[in-house]
Structures are given as structure tokens and as C-alpha cells.
Amino acid sequence: MKRTTYIMMAVVFGLFVLSWIYKGISLQSNNDHYILDGFLVTFSAFLTLAVLSFLYTDNPFYKFAEHLFVGVSAAFWMCLGFWTTIVQNLIPRLSEGVSGFFKVPYLPGPYNFFFFIPVILGIMLLMRLSPKGGWISRWPLAWIIGTTAGLNFIRYLRSDFIKQISSTFVPLLGGGQHEWQGIGHFFSNFDLSASGQFVALVANWVIFLGVFCGLVYFFFSKEHTGTFGRASRVGIWILMITFGASFGYTVMGRISLLVGRITFLFRDWLGLVS
Amino acid sequence: MADLGIIVSLVIIFGGLVALFVRSIQAREVDRRIIFLFIFIAVAAPILFPFTFSETATEVVKGVFDKIESLPEGSKVLISFDFDPAMAPEVQPMANAISRHSLEKGHKIIFMSLWATGQALLTHSLANYILPGFPEKQDGIDYVNIGYKAGNEGVLNVIITDFRKMFPTDVNSVLLDSIEVFNGVNSAKDVDLVIAIGGGKPGPKEWVLFIGDPGNIPIGFGVAAVVAPQLYPYYPAQVIGILGGVKGAAEYESELQKTHPRFRDMDTPGLRMMGPQTLAHVVILSFIVIGNVVFFRSRRREKKA
Amino acid sequence: MRYWCRIAPLLLLLFSVSPFAQTDAPELPDTASTDLAPPAPVSMLRAHDTDDDHGHSITLEWELSPDDGAGQNSVVTYEVFRWVPSVMDILDTLRSRLSIVNSEIREADGVTSEMKERRVSLQTRLKELLGQLPEIHEQYPNDGEWHQVGNVGSRNTRYVNSGSKDTESSGFIPDFTGFYYRVDAVTVDSSIRAVSKIVGPVQSYGQWFNTGRYPVLFAVLIFGFLTLGFVIKAKKGAKLYVRPLTGIEEVNDAIGRATEMGKPILYVLGLGTADMIATIASFTILGRVAKRVAEHRTRLIVPTYDPIVMSVAQEVVKSSYLDAGQADAYDDDIVFFVTQAQFAYVAAVNGIMLRELPATNVYMGKFYAESLILAETGALAGSIQIAGTDEIAQIPFFIVACDYTLIGEELYAASAYLGREPILLGSLKAQDYAKAAVITLALAGLVAANFGWTTFTDLFIVAN
Amino acid sequence: MKRQVPLLITFFVGTLLIFSVFIPPMENVGENFTLFFDIIAVFAFFLGGGNLVRVHVNKLRRQKKDWAFSIVTLVGFFFMLIVGLFKIGNAGGIAASVTAEGSVFQTTFVSVLTPLQSTMYALLAFFVASASYRAFRAKNSEATLLLVAAFIILLGRTPLGLMLTSWVPDSFSILQIPNLAIWIMNSPNLAGQRAIIIGIGLGVVSMSLRLILGVERTYLGEDRG
């Protein structure tokens, strides 16, 4: 490594220790574990800054944070999976003795022996770790795919297909609070207010035509020419507006996350704001 | 002091934008890091020198608010924390506001999570944000935390017919049968309202697909801004209301403060975050404008040439 | 403390008869103490087995009390009561003893045979008693009392008394047992109430088919037949047209360009697992790309996120190289596993992009928050970028930052377009017909909705 | 054997789950299968962990580039695994929730995993900005529509939108930016989303059907043919 790298590391380490001492002292008055808590806050801040440093360029601090992240998160998922599913859902159905050991309520049942199936499939999945038994892991994979396919098949047909069709049954002449009361009434009360009849009417037409043209765009087995092509073009326009809206919303979400992190740095670590 | 600070930072930001504009017009390369710096300042400045705006709740947000307001006392409300720390700044304020509101109205809350990381966050926010305001509420009687189970939408597929099969116990290994909140609750169908807070998968959409639609249960969403647009098709037929992103949280918080005086002094992270949010939006909008002005100028020049 | 938290509810259970047994038969209203006159009772009370379920549930329906929303307008809630024979007390005691034994076994360090025996004897006794329940219910109204099972607010005319199918749960409702119900209209003062006529005996039982799901069944059948029909047609050799997809057309050009420039092609399968539809579609596209790449003898880089995806992708690429007759050019390192952490994976792929400067980056599959970081870095590296995902939230980022983007369903269609296998083409055709059906139905529904023909729109209501 | 058994498993499981939707007595079957699925999912986590250890131990052994960082990964992994599996510092011992407040596991989660993960996501705010500067150009009619919609939504989601257009009279209030933003969300956005959702829904249904029938086999690592 270059000398500047060593100097950088020494500086960061020094700042780290300083921050630890500073946090420790400031937490001392109302906290019994002030040394530990001071360390934890400093460490969190260090990790936050280490990740942000990636914006400048890739560097050893970022790599440290990234590698720590990989290790800790993998173990986090394993532990939670173990305690919440294996211990709480599987063991109570298989063995009373082991349930007793983990102090979880035993759940006897006449068909519990079926619960050996997932255990066997799970172990087959782990066979992938061995160089030769890899092919057997296709069985659990097939099971997983069968389950998701079976579940998806019905759910998507029902919620995304049937339900979405029926949601498109919108009243084109205004409904609900905008009951159609004849053409004269429509024109005499015509305005562009957000809660007015005209706007509501246009919204319903846009929904209907938008879904229609959007679906036309997704026709793959027909050439997009003539009227069909024009509808498909309107469809892509509607889709683009959708994506623009989605982009706008997303920006908001991303900024919130940054706000969260900077608030942490300024409030919890540096104590600049209350 | 705070006013001066914000004025100075505004001057810096807008001065910088003008400089950026000039540089771009001259078709000189702008380093990405300069762009990054703008965003950092735009977000950091309003945090250091806070300013807030007033909010009024829109229809979609009121849908959730009014439902919780109108349910009779003692109704069962299920709140699911389906998010991770990364999403937390955005949806945590909603989770807190909705939980507090429900406790205040005397509803019995079942807390759960479909995300492994959600359980840890749930424990944390119960202890630090939600319960401190309600010392009289008791675990098991007024609320219960049944935690996380692996299996994504599979979990929902089971609890729609039987809670106890998926969650034999709560997080402290207490059998559900001996928990008062679960009296008369066999499946998710016995719950009066579901609030799904999250934004990934499994998340709000799965709650509609696997719980709301098959069980005909009213569902409200508190979601990250990223996914909010995708959830609008479900409103209002399949979902009673949607809180989208920080703006949704801010609206809910202001509605809560308006109608429940005891929350006047409550911390309002949602409202607080609107300041940095606004400034950052302005900066991004300026980027889009600058980028396009430069684009059209160069295109015109190309046409001339 | 925790120990007590756990034990306290059990003790409570032991001393209380049952959580449901809160209210006994109502006492006569004491009219002297209040001005409220008793409301009129509900009428037309009916009870029947809940439809389309597996049993253990009874549905009650009634007409509102004349004093609910009209008349005196004094009814605030309806309380539902079931006649419960006194033997239920014994059952509940047995159940709570059973749960105590269970928790003792759990708390104890070793399970003694005495405990086990105790439990077995409790269980047999419980089973015996449960077996007698139908007979005991026939003795109505002797030796039993009314227990409240639930309540609904005013203006409601329906209550479902659904119980557990678990015999050891206190909420257990046995099937094929004649129950008796009544519904009380209750005023603000809960002692002032009107008792309905008693309805019963009514039995719960399971059904064999959920009739509420007919619309779904129809959709399943129609879709299934459409797909099968077109697949058969395509297999017989019928030519099926697929419109060109710009993004995919570009892939071919891009491979050629990469060959000229002597730069590699980067193929990213996304963060999906092997069971996700987007990933499966991406495998097919990868197969085609790999074949073309092998023919051109260009270099291919496929970093993967999931170990299972990796091994599947390896086999796909391998067979493509074999098909192209370039088996010797295949190398196991073309497809490799990076890591299973979202951002660590992104960082690694970013590194590859900046080091190798690929001519083309192809992103096909499931992408989440990392989409923009990948696409921005790729743009920085000056690569042509082609993306496709069904993750709606990420499509805008790809559209903005990439050169070509396959939107949602186009990703699935791409595999058919590239593959031209009858099965894929056939099912794509079926999908198009289903879309046409959607449009037709939506049009018909729209007309129906606008003219208020609810018979048609009701067809789309999927009950429970 | 290697090919037929997986196909049979997929077919069997898939059809069983479809039937269980229509037949109430089979509800149990559907439930149990999903429970099984969840349990297998946990084994997949173990597989992920195992792979991770293998990759990094290999890296260490061969002293590949950046091998020193593999130590960080392995230490982090085993530390978290041990405190999680042995519930170190959990008040209440083995019966307590693994994420109990005050346990080492929960503390590590809050002060290591939380900052890492949230900051990783927060990086996106910067990339969004650079994308809006670099790529958000009104190149053609489609791009212009996307840009305008995004612009209105961005403005509408801040108080600024209201301030800029509050002078618009009530009878034209749809032209006020916040109202326009809501209108876009509720109307064209809804239509577009619905079209995509129906399309993707059909794609998923059709793929599921192909998977169950065993005509789509790429997931087994072979090309169709």
C-alpha cells in the first residue's frame, strides 16, 4: 500500500478515538454504559461516512464497510431464519424433547411426519455446497418453483387480472358525487376546478383509454400499424407519463433516506441539532 | 441564527447552480462529484437550520386516518412492519404515527413483520417511539408483538386461514391462546383493519393479494415513495388509503395533531423532513432544467452547422 | 418477570371458565333506573353453515331491529349468543390443564413419563367429551346456558361465528353439531336489550367446492385452453408473428460491435432468485446471447448474485456454446458467483464495468434499488446499455439511463421472440388473446356499469 | 432421474396448490405446503451463508486481490452468527426473542447493519441527481412526456408547487401543481400501471402454467429443445 494510504488510515483512526472519547464524556451523565455507547455511535458514524466516501471514489474504508456488511447481513438472516422458522415452526412439530430444549410449545398433530419433507428437501439444497451432489439440489428447486408457480397462477389471475378488469368499469359520464344531470347542466356548471365534474370525467376517460391503449402496446403478435399502431403509440405515451410519475415519487424516497442518514450524523453523532 | 444559516446555504446552493449552468453552457465537463456535493448541501443545510411547512391531508391519506378514527374501541388492528433500516427513515414516521393513533383510539394492535429486519426494527420502535407515550398500555392486553416468520407471501397464505399455525406464539414464546388480544382472532379474517407498512417484496402488494382480496379485509398502506405509484391502481377498490413517502407521513402527522391535542408536542419526523426534501427537489429540478437548456442549445448549434 | 408474564395468562385461564363465557343470560331490564324503553328485537333471524369453507363456522343473518336507525334509534350494538351446554366448562378446564401440562413440560429440563401420562389421559378425556358433543347439544335447552360469542355494531345484519378447527383451542367449533343461537339488540345501557327468537339447530360442515371462486376457475380454464390450443397449433407448424422488440434487435448489433472493438459483453441477471419469472425469462435470453457471442468469439462476463442462479446460468451458457459448436471456447469462469448482498454485488459489478469497459451491458431480470447505480456507472464507462425488467419501480431509471429498455411484459416476450420455439410463441399468442379478452370484457363492463347493469359487473366479484 | 424427478415435483406441487384454492377441505394442504416452502427458504439462507464462507476462505487461501477484506467478512459473519445463535445478552435466555432489546444481536443490528444498509440506499439520492443532470433530456416525444410528468410530480410533492400556483383561481384549480400531480397519479399513472400490471400478471400466469406443465425447463439449466 502507498504511504498516503497509511497516513489516511492513521488520521481516521485518530479521529475515531477522539470521537469515542468525546461521545463517551457527553453520554456519561445519563448513561451507565457510556463507554460502549460512545463506541457504538462512533462506529455507526464511521460506517456511514465510509459508505458515503464511495461517492468520491472506491477506497479501503468503503471496502471495509462493504465486506463487513456482507458478513453481518448473511449471519443476520441465518439467525433470524433459524430462530423464527426452524425453532418456532419446525421443531415444535417434530420433536418434543428438542422443543423442550428451546422452550417452545410442542405442537403435536397426526400428520406432523410430513414436516420431514421440507427438512429432507432443505438438506438436498445444502448438497449444492458439495462438489458432486449438486444435481440433487434441483429437487428442492423444483419444489420451490412448483410452489411459487402454483401460488402465483391463481393469485395473479385473481388480483391482477380479474380485479383489475373490474376496477376499469368506471362511469364515463361521471358517477358518485358527479352524477350526470344532462348536457345543459354540464355546460352551465363547466369549470376546471380539481373537484369539478369535467376534471373527474376526463380522469375516467383517461383511465379507460389509457388502459386500453397501454394493453394495445403490449400486443406482441400483431403488427403495430394503422389505427392499431396509433393506439399503441398513445399507449406508450401513457406508459411514459406513468414512468415519469414513478420517477418523481422515487426521487422523494431516495432523498428521505439521505435525510435519515445526515440527521443521524448531525444529531446522534455530532450533537449539532436536537 | 437559524435564519441566517439557511439564507447563507441558499445563497451557496443557488450561486453554485448558476456557476454550474454557466459551465454547462460552455460545454465543459462537469465532474459527477460536483453534482453529488450539491445534493449533500441541499439536504444537510435544512437539517442544521430547520424550517417546516404546514400540511393538509389529501384524500388518500385521510382514507387511512378516518378508518382508524371511526373504528369502535377495542377493534383489532394488525400492523405489519415490512421494511428494513434502509427504508426506515421514510416509513418509520408513518408506522409510529399510525400505531400511536390506534393506541390512542383504544384499538388492540397485533404487530408483526414479513421482513427479518422488520422484527428488530419493530422491537426497537415499540420500545423507543411508540410505547413511551402510553405507559398504561400492556403487552398482551392492548397490543402484542408476534414478530417475524420467514416465507414471504407464504406466511400470509397461512394466516388468512389460521394464525396459530404460522405463529404458535408471540416473540416471547407466549402461546397466542393465552394472549388477550387474540381472543376471537383465529385468522387474519377476524382482524378489523390491516395496515401494511413497507415498500419492497413482500410488502403492500402481497397484503392485498393474499389477505385483503381473499379475506375482504380493509387494508391501509404506509409505503415508501418508490412503490406508491404502483399501488394507486388498488385504491380505492382494494385499499382504503395510501400514505406515500415522507409527504404522506407529514400529512398524517399534521392531521393527527389537528384532531388529537395530546399529540401537539409529539415528535414529527415526517413534517421535519419536508424541509430538506423540498430543497433537494428544487436542486434536482434545476439540474433537469440546466441539462435540457444545454441539450437544446447544442442541438440547435448542430443543426446550424 | 418474564416468567410471570407467561404464567399469568395460564393462571387466568385456569380460574376463568372460558374467555368466551363473559356474559350470562341477560337480566331483565330495570326500567325504573333509566328512561330508555327496551328496543324491538331483530326479526327473521336465520342461521346456516358458512358457505365455501372447510366447516367450523356458522353464519347468522337477520333483519335490523325497527329501533336501529329508525324508530327510537336506540340500538347501538347486536350481541350474538350461542347456547353452550355445561359440559363445555369441563372441556375448557381440560384444555387449560392441558396447556399447563404442556408448558410444564416445556419449562422442565427433562420430560418425565408421569407428565406424559398426565397429558395423554387429558387428551383422551378431551377426545371422548368432544365425541359426545353432538348428542349433548340435542338435549337443548337442558343443562346449559347462553354465552356471548361476539358482537357487531348497529346497522349490521350479519355475523359469522367462525371457530378454530383445532380441538385443543378454546375457540373450537365442532362440525355436525346442532347449535342454537340468538341475537340481542342492545342499547347504550347494556341492561336494556331485546332478545330475538332462538334459531337452531344449525350445523356447520365443510364444502367440497368453493363456489365463490367460479370466476377464477373460469379464468383458469379459459387461459389454460387458450395456451394449450396455441401451443399445439404452433407445434403443427403454423407461423406466428411476433412484433420486433427494439431492445432485443439491438442486442445482435451490440454483439457485432463488441467483436469489432474487441471488448467484452457484460450480462447481468439481476437480483432475482431462480424461481422468479423475470429470472427465468432472463435465462432464455442469456442462452441466445451466449450462442451469438460464441459464434462471434467475443468475450462474455456474467457475474451472478445467487448461487442457484449461478449454476443454472452456467449450464445455460455451456449448452449455448455447445450449440454454437464452440465447446472449446467455453470456460467455467464466464459465469461466476459474486456475493449475495445487494450493494456488495453492485460494487463488484461496478468495478468490473470500470475495469473491463464492456462494449455492451445487458441487464435482464429482477432489479431493485441498484438499477440506477448500475446504469449510471455503465454510462460513465461509455457502454451501450440494454435493460429489461418487470420490476415496475425500476423501469423509469432504466429508461432514463439506458439506451434501450424492455418494459415489463416485453421482457417475457423477448425470450419468445429470440427463441421462436412453438411453446413460447404459442403461449405468447394466448397471452395476447387474453389481453383482447380483457379489453372486450372491460368495454362490456364499462357499458354495463354506465347503464347500471350490475348482473354483469357482479360476475367479476370474487367472493372470499 | 436427474431431469424427470424435478419436473414431476414441480407438476405435483403446482397442481396441488391450484386445486387447494377451489376445494375448502384442501385448504390445509395449501397451508402446509407454504409452511414447507418457508422452511426450505431458511435452508436457502444457510446455503447462502455456506457459499459466502466458501468464497471468502478460498480468497484468503489463494491470497487473491483484496484478500485482507475477506477477514472482515468472515469475522463479521461468525460474530453475528454466534451472538445470534447463542442469544448472547438476551434477557430471558433461550426463550426470549432473538431480537430482544439490549441483546448483542439487536445492538449489532442497530449500530452496524442499520447504518450500513441505510447509507447504501441513501447513495441513490446522489445517483438520481446525476442521472437527472446527465440523462433527463427531452430527446423525443416519449422522453418529453416522461420528463414533464416527473417535473410536475417533483414540484407537486413539495410545498413549492402550491406556492408557485396558488394564484390560480379555484375554478381552474386543476392547473394548480399539487392538484395536477394528484390528478396524474390518479388518472394517467393509474391507467399505465394497470396496463403494465395486467400485462405482467398475464405473463406470470402463462409462465407459471408452462412451469407446472413442464414445458419451460430453463431453470433446470438446459435449453429447451
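For reference, chains read A, B, C and D in written order, and residue numbers begin at 1 within each chain.
Keep this in mind: a contact is a pair of C-beta atoms (placed from the backbone, for glycine too) under 8 Å apart; a residue touches a chain by one contact, two chains touch by 3 or more.
Small disclaimer: the values here were computed from a predicted structure and weren't measured.
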Seminar exercise, completed: Contacts shared by chain A with chain B include exactly C, D
For this session: Return the chain pair with more inter-chain C-beta contacts, choosing between A-D and B-D.
Result: A-D
Exercise. In angstrom, rounded to a whole number, how far apart do the mean CA points of chain A and chain D lie?
Worked result: 4
Problem set entry | CA centroid of chain C to CA centroid of chain D, Å | 16
Seminar exercise, completed: chain B to chain C, mean C-alpha position gap in Å, rounds to 22
Exercise. Which residues belonging to chain D are in contact with no fewer than two other chains?
Worked result: 18, 21, 27, 34-35, 37-38, 41-42, 44-45, 47-48, 51-52, 92, 95-96, 99, 109, 113-115, 117-118, 120-126, 128, 130, 132, 134, 136, 146-147, 150-151, 154, 157, 182, 185-186, 189-190, 193-194, 196-200, 202, 204-205, 207-209, 211, 219-221
Problem set entry | Junction residues of chain C - those touching two or more other chains | 2, 54, 103, 216, 220, 223, 274-275, 277, 307-308, 311, 339-340, 343, 369, 392-393, 396-397, 399-400, 407-409, 413, 428, 431, 434-435, 438, 462
Exercise. When you check chain B against every other chain, which residues touch at least two of them?
Worked result: 32, 36, 39-40, 43, 86-89, 117, 119, 147, 149-151, 154, 157, 161-162, 166, 172-173, 175, 213-214, 225-226, 229-230, 233, 245, 247, 277, 280-281, 284
Exercise. Which of line, ring, star, complete or other matches the graph of chains that touch?
Worked result: complete
Exercise. For chain D, which residues count as touching chain B in their complex?
Worked result: 27, 30-31, 34-35, 37-38, 41-42, 45, 92, 95-97, 99-101, 106, 109-110, 113-115, 117-118, 120-122, 125-126, 128-130, 132-134, 136-139, 147, 150-151, 154-155, 157-160, 182, 185-186, 189-190, 193-194, 197
Seminar exercise, completed: Residue positions on chain C within touch of chain D in the complex are 2, 52-55, 206-210, 213, 216-217, 220, 223-224, 227, 231, 273-275, 277, 280-281, 283-284, 287, 307-308, 311-312, 314-316, 319-320, 323, 337, 339-340, 342-343, 369, 372-373, 375-376, 379, 390, 392, 396-397, 399-401, 407-409, 412-413, 419, 421, 423-424, 427-428, 430-431, 434-435, 438
Problem set entry | Complex contact set, residues of chain B against chain D | 30, 32, 35-36, 38-40, 43, 53, 55, 58, 84-89, 117, 119-120, 122-124, 127, 147, 149-152, 154-155, 157-158, 161-162, 165-166, 171-173, 225, 229-230, 232-233, 245, 247, 274, 277-278, 280-285, 287-288, 290-292, 295-296
Problem set entry | Residue ranges of chain D touching chain C (in the complex, touch as defined) | 18, 21-25, 27-28, 44, 47-48, 51-52, 55, 91-92, 95-96, 120-121, 123-124, 127-128, 130-131, 134-136, 146, 150, 193, 196-200, 202-211, 215-216, 218-224
For this session: Flag every residue of chain B that touches chain C in the complex, lowest number first.
Result: 32, 72, 86, 139-140, 161-162, 164, 172-175, 177-180, 183-184, 186-187, 189-190, 200, 213-216, 226-227, 229-230
